[in-house]
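Just below sit the structures, each encoded as structure tokens.
Okay, so chain A shows up in both of these, paired with chain B first and chain C after.
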Partner chain A sequence: MIEQMRAEFGDSKDMVTEVLDNGFSRLELCFFPGMCDIVQVKDAILVPFSYRFDPDEFRRMLKTGLSFIESDEPKKWPEMLLKGCVLLQYEEKVYSFAAIRKMQKEPGNTEVEASLQGPQSSFTEDLDMNMYLLRLRYNVPSLTAEQLQKGELSGTRIMVVYDRLKVDGGSLDELHKRLDKIRPKLIQAAGQLAMFIGNTRFSMFPITLQTERPDRVAQLIQRGKIAILVDGSRFAVTLPVRFFDFMHAMDDDYEPYWMGRIIIFFRYLGMILSMTLPALYIAACSYNPEFFRVQLAFSIDGSRAAVPYPSFVEVFIMLFMIEALIESSIRLPRFVGSTAATVGGLILGQAAQQAGLVSSIMIIVTSVVAISNFVIPNSSFSYSIRALKYVFVLVATFYGMVGIIVAIFLIVVYLCHLRSFGQPYLAINLKRDQRQSQQSR
Partner chain B sequence: MKRIVLALIACVLASGCGMKDIDKRFYVVTTGIDMTDNPEKPYRISLRLAITAARVESGSSRTEIQTVDAPSIAEGVRLLKSHVDKELEFGHCRMFILGKSLLEKATPETMSWFSRRRDIQMISYFGVGEPDALAVLKVEPKSERYPGNALFLSFGNEGTESPYTITTFLFDLVRKIKERGIDPILPIIRAHNRTYVIDKSVVANKQGQRLFLSAEETQLFKMTSADSSKSELVLPMEDGTRVVMYVSQIRTKVRISAGDAPTVRLKIKVSGVLEESAPELLEKDWHGLEQRMGQRFSKQVEELLVKLRDADADPYGFGLRYLAQHFGKDKEFKAWEASYPEAKFQVSTDVRITGPGVIR
Partner chain C sequence: MNRYFYYHVFYIGMMNVMLFVPFILIQNRFNGAVSGILLSIAIGTVMSIGTIRSYRQFPEMGLPEILKRFMPPWLVAVMLYLSSLLWLGGAVIVTYTFSQTIGMFFNPDMNHYQFLLLVIVASVFAGSRSTRTVQFANEILFWLCLPFLVFILAKALTNPYMSWDAVRVVAGYVSEFPSFKVLAAATFFFTGYLNLTLFNRLFPANFRINHLWAIPLLGAFFGFVSFFIPIGLHGTVGVEQYVYVWSVTADSMFLKYGFIQRVLFLFLIMFTLLSLMFMMNVFHASMEYIKASHPRSKPQPEQVPVPKTNWLLCSVFGALCFLFSLWANQGRSQWATGAWLSVRFLFEIMSFILIVVLAIIEKRRAATRPHSPPSSASSGQ
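This part shows the complex of A and B:
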């Protein structure tokens, strides 16, 4: 076996192959120490084989032990080794022992979707830990998990989890169909898988929801959705989703009802503002100045007097600056991040206006756009809104207020047309719709 | 990619030419129109243009006045465009002042320019300038923060809520000029030192006659026609003191009974607080005081109504109300027109004094 494996892995130096001989019998051992938990290997194989050796007991252990699996197909051996198993040959039989090293011993902290009073634990980059977190929150026998392996090179383990009593059959079939179709080389993150199965290239809005919160996944599964957990990613992909799921933060369910509603209302307001405000500025400045109150019109007029470029150039300058600032503060290492914010804030806040490059109102517009974009709880949705903003800006540059109104109408039409795995994207009350459609059948 | 490029090209080709930045526009804040003696160019158009500044302080408003004589208003405005460096914008012109001379000679067709232009808002205010519109335009109030703001605030309920100031919107004016059975009423704006005084009004009837109302009559009209509170009810006493009641609520009900001579009944309910009176006056005769105030008010209103009737003016819209009660055909309107000069008025006022305004 050892020679076969050595040949298979091209004599890779990080693989340990050993022939152990305790005086009574021989044991061939083959594993990657980097991928295995060496303490487990020692406790389960080395100790029983060396100083507590009893041939009968050792044989019995190999036959009955939970993590010992007899494998007589040499073709599967490399795969097992790569997953972190130990291969051992004892008395002409090959066994695999799963001593997979776990990087994560405890749940992570929520980083992207922070919550004030909700659970603070999040998924980790370990699939088994994630399954534990999910089972912990959704503790019923009907929770079904299907394991798949995707990625020709990465061989990533994928878990499709749903409640089989509540799941929507149509969506599940659609998901299986799409999962069968894809042939990715590498799957590194849940978002990548979401892109493969959600043909997002042609979609302006995400049709799957990524979340790092087990409580959100549990809540979605309870509503009949499907979750996909990807090994090595601390995000779960859930589907099918609606437009309104993206605007929902878990805190809404943990806070008093009316407070939550008010916050949700402001969140939608923030979304609309961050999408349309730069466009509205252009439209109102260049096409319909009567849109403002007279005081505001005059002060914009006064502050724009020094600005050399038309309003849309001004908007593009400021939007570029703010996008660069946001992007750099995400990518920069944490120590330098605050510098970027300070420098950027200074430029945006004061200097640009004093230099006469932009009007003072435009600075307010820019900051409102940037801040209210962060109000959106889901980051991929907020990316969508960030991108859509430019569509509006473009339309407003050419057509003014009428263009914005038509663009809003078109987006609503597009949202109505959009489907997430067979479910309507803009459904207001999905449960009621489903009930009605079942009754009519 | 091809599609995106195509869409962009389509955008560029199909876009209009309405784009003009806000700082390339000259805002007209007040428009004044007078009559000149020159029959060739009868209209004198004056525009008060705003000079904007980034920083705003009290009294910092600066404006510029441009005047031109022209054969018609539209031509005059076009002509004025060549006098200024930026595009004239009427979007924020909420005040139009007609000169007294114009009011006497103008025809309803003069008004059509205002209602036809796209950028003139139908909620702009109309008034009559005394002695002429240009004099009113030239006033620069000290307290004005934004160009033209002082006049905007005087009308409506945005700034001051004076019982003497009648507010007439463009849409209302146009409607009342066309409508049978109701006549437009316009406030008279007088320039006084560096402020405006707006306490009188003028009713223009369909025959082209103008009836000027004094300040007291204007207040009476505003109270009874628009149920305008924040006004006052006065009763002079025998001993020379005056009892003044602050009107916090007023409701007027109008009924017209048909007959050979139609009778118009106004039922007015007024309630409020005494603001000024001799001490212990209420305790002596609360109910009697209310009655006396009511009777005096009824008499005043009746006198106003008779004055309006004799001038053949109908700013209340009694004729319209009469038509609404009947079939509204031409025959009925002719009957009303014939009988209006003989119309009788019965006004009854129910005054309720809710208290002396202080707690003893």
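This part shows the complex of A and C:
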């Protein structure tokens, strides 16, 4: 076995191959120490084989031990080694022993979707840990998990999890169909898988929801959705989702009803403002100053007195500045990040306006856009809104106020047109319809 | 499910403003407009309820499928082409009037065709979606429009300059007998029920539209509001000076607080949405009719991705709108609107008679062969 594996792995130096001889019998051992938990290897193989050796007991252990699996197919050996198993040959039989090293021993902390009073634990980059977290929160026998392997080079383990009593059959079939179709080379993140299965390359909105919170996944599964957990990613992909799911933070369910509703209302307001405000500014400056109250029109125009170019140039300058600022503060290391924010804040705040490059109202618009964009609880959705803002700016540049209204109409139609795995993306009162049509049958 | 039906009733009832219906009625306010509206309530209610009841015989079927069960394919195709042409006429007129209104009140300097392009692109995109998408979009857009409508109405009715005497004076001319043109215009308030010809496909079998009493109420509401409020605000005689009578009426109100001062702009926002909604539905319905005129086509309320045929047909419709606006001017478009309203009225009466007759035949057929499923009945011929 050892020669075979050595040949297969091209004599890779990080693989350990050893022939152990304790005087009674020989044991061939082959594993990657980097991928295995060496303590387990020692406790389970080396100790019983060396100074506690008893041929009968050792044989019995190999036969009955939970993590020892006899494998007589040489084709599968390399794959097992790569997953972190130990291969051992004893008395002409080959066994694999799963001593996979776990990086994560405890649940992570929520970083992207923080919550005030909700659970603070999040998924980790270890699939088994994630399954544990999920089972812990959704503790019924009907929770079904299907395991797949995707990615020609990465061989990533993927779990498709759902409640088989509640799941929507159509969406599940659709998902299986798409999972069968894809042939990715590498899968490194849940978002990548979501891209592959979502056909969303040209879609303006995400049709799967990524979350790092086990409680959200449990809640979604309870509502009949499907979750996909990817090994090595701390995000679960859930589907099918609706427009409203993206605007929902878990805290809304942990706070009293009306407080939650009010916060949700502000969130939608924030979303609309962050989409349309720059466009409204262009419309108010360049096309329809009479649309707004006279005093307001005057103060907008007065603040623009020093600005030498048309409003849309101003908007593009400021939007670029704020996008650059956001982008840099995400990508930069923590300590440099604060510098970027300070410098950027100074420029955006005072200097640009005093230099007469932009109007002071435009600075307010920019900060409102940025702040209200952060109100959106889901990051991929907030990316969509960030991008859509430019669509509005563009139509407002050419058509003013009417352009904005038509763009709103188009976005409503587009959202209604989207389907997330066969389910409508934006539709209200759908539950009631389904109930009614079931009753009438 | 009921609500989907009433959304159509709502936006078509509101569309009267874009089709010069208030203008036509107000021109005839001393000779028959009031009685015309009253008469139209009776006619509209009978036709709506009759049609709805007839469609109960044909669950999950639109007009094309129903016609195909009774008539040879060529006749069906001709009828479908005619009805889609009729609806398109409405859309073409609305596109023109709408872009005129918007151009006049929003951006007077802008090229009229540039506006038209925006509107047509939006309608082509929206109309080419699947039937189910259109239905969902109707719902969302309805809820977007409703606050504006309620607000404008509240503003108009509580306006201190609203002269109820003027309303009473005009209402006193109830004994005049309406002309055909007035009647045709007034029945437009009720045309919303015709959406069943297409959207009945989406209603599940055994589903019944409830709250039928709301139809006369809604129609009467739209009729009286869009006729009497301009009269109340402009006076019995002053009101006839305006062509875009409702835009001017909205402009005669103003908001004391808030970012926006003139109610006109709220009104225009609402009507931008409503007109686009109307065009989306009409483009979609016409497209579905033309697709269904092909003998082997099957109704598909849900189609993802959008097939190329949809884009193609809707682009043709868009081009028609463009051609119309090349030909039209203020006078011509008013003439065309009047003509279209009358033709539509006649068409509506005919289609009403047709569907009632077909429903009766269907009922007899079902009675003679109670146990045979409907599909075998049609394939056995």
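What we mean here is this: the second predicted complex is superposed on the first by the 431 of 441 C-alpha atoms of A that agree within 3 Å, B and C clash if a C-alpha of one lies under 4 Å from a C-alpha of the other, contacts with A are read in each partner's own complex, and residues count from 1 in each chain.
One rule holds for everything that comes next: a contact is a pair of C-beta atoms (placed from the backbone, for glycine too) under 8 Å apart; a residue touches a chain by one contact, two chains touch by 3 or more.
The structure presented is a predicted model; accordingly, all values stated were derived computationally and were not measured.
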{"item": "First (chain B), second (chain C), both or neither touched by A:V307", "value": "first"}
{"item": "First (chain B), second (chain C), both or neither touched by A:G400", "value": "both"}
{"item": "Partner chain in contact with A:F235 - chain B first, chain C second, else both or neither", "value": "neither"}
{"item": "Per-residue touch tally on chain A - higher for chain B or for chain C", "value": "C"}
{"item": "First (chain B), second (chain C), both or neither touched by A:Y287", "value": "both"}
{"item": "Touched partner set for A:F205, first chain B, second chain C, both or neither", "value": "neither"}
{"item": "First, second, both or neither for A:F196, with chain B first and chain C second", "value": "neither"}
{"item": "Intersection of chain A interface sets (partners chain B, chain C)", "value": "287-288, 290, 294, 395, 398-400"}
{"item": "Complex contacts: residues of chain B adjacent to chain A", "value": "11-12, 14-16, 18-23, 25, 27, 29, 50, 52-56, 89, 91-92, 94, 119, 121, 145-149, 152"}
{"item": "Contacting residues of chain C [partner chain A, same complex]", "value": "1, 3, 102, 106-107, 110, 114-115, 118-119, 122, 125-126, 129-130, 132-134, 136-137, 139-141, 143-144, 204-207, 258-262, 265, 269, 272-273, 276-277, 280, 304, 306"}
{"item": "Contact set on chain A toward chain C in their complex", "value": "287-288, 290-294, 296, 395, 398-403, 405-406, 408-410, 412-417, 419, 424, 426-429, 433, 436-437, 440-441"}
{"item": "Chain A residues touching chain B - in the complex, by the definition given at the top", "value": "284-290, 294-295, 297-305, 307, 310-311, 360, 394-395, 397-400"}
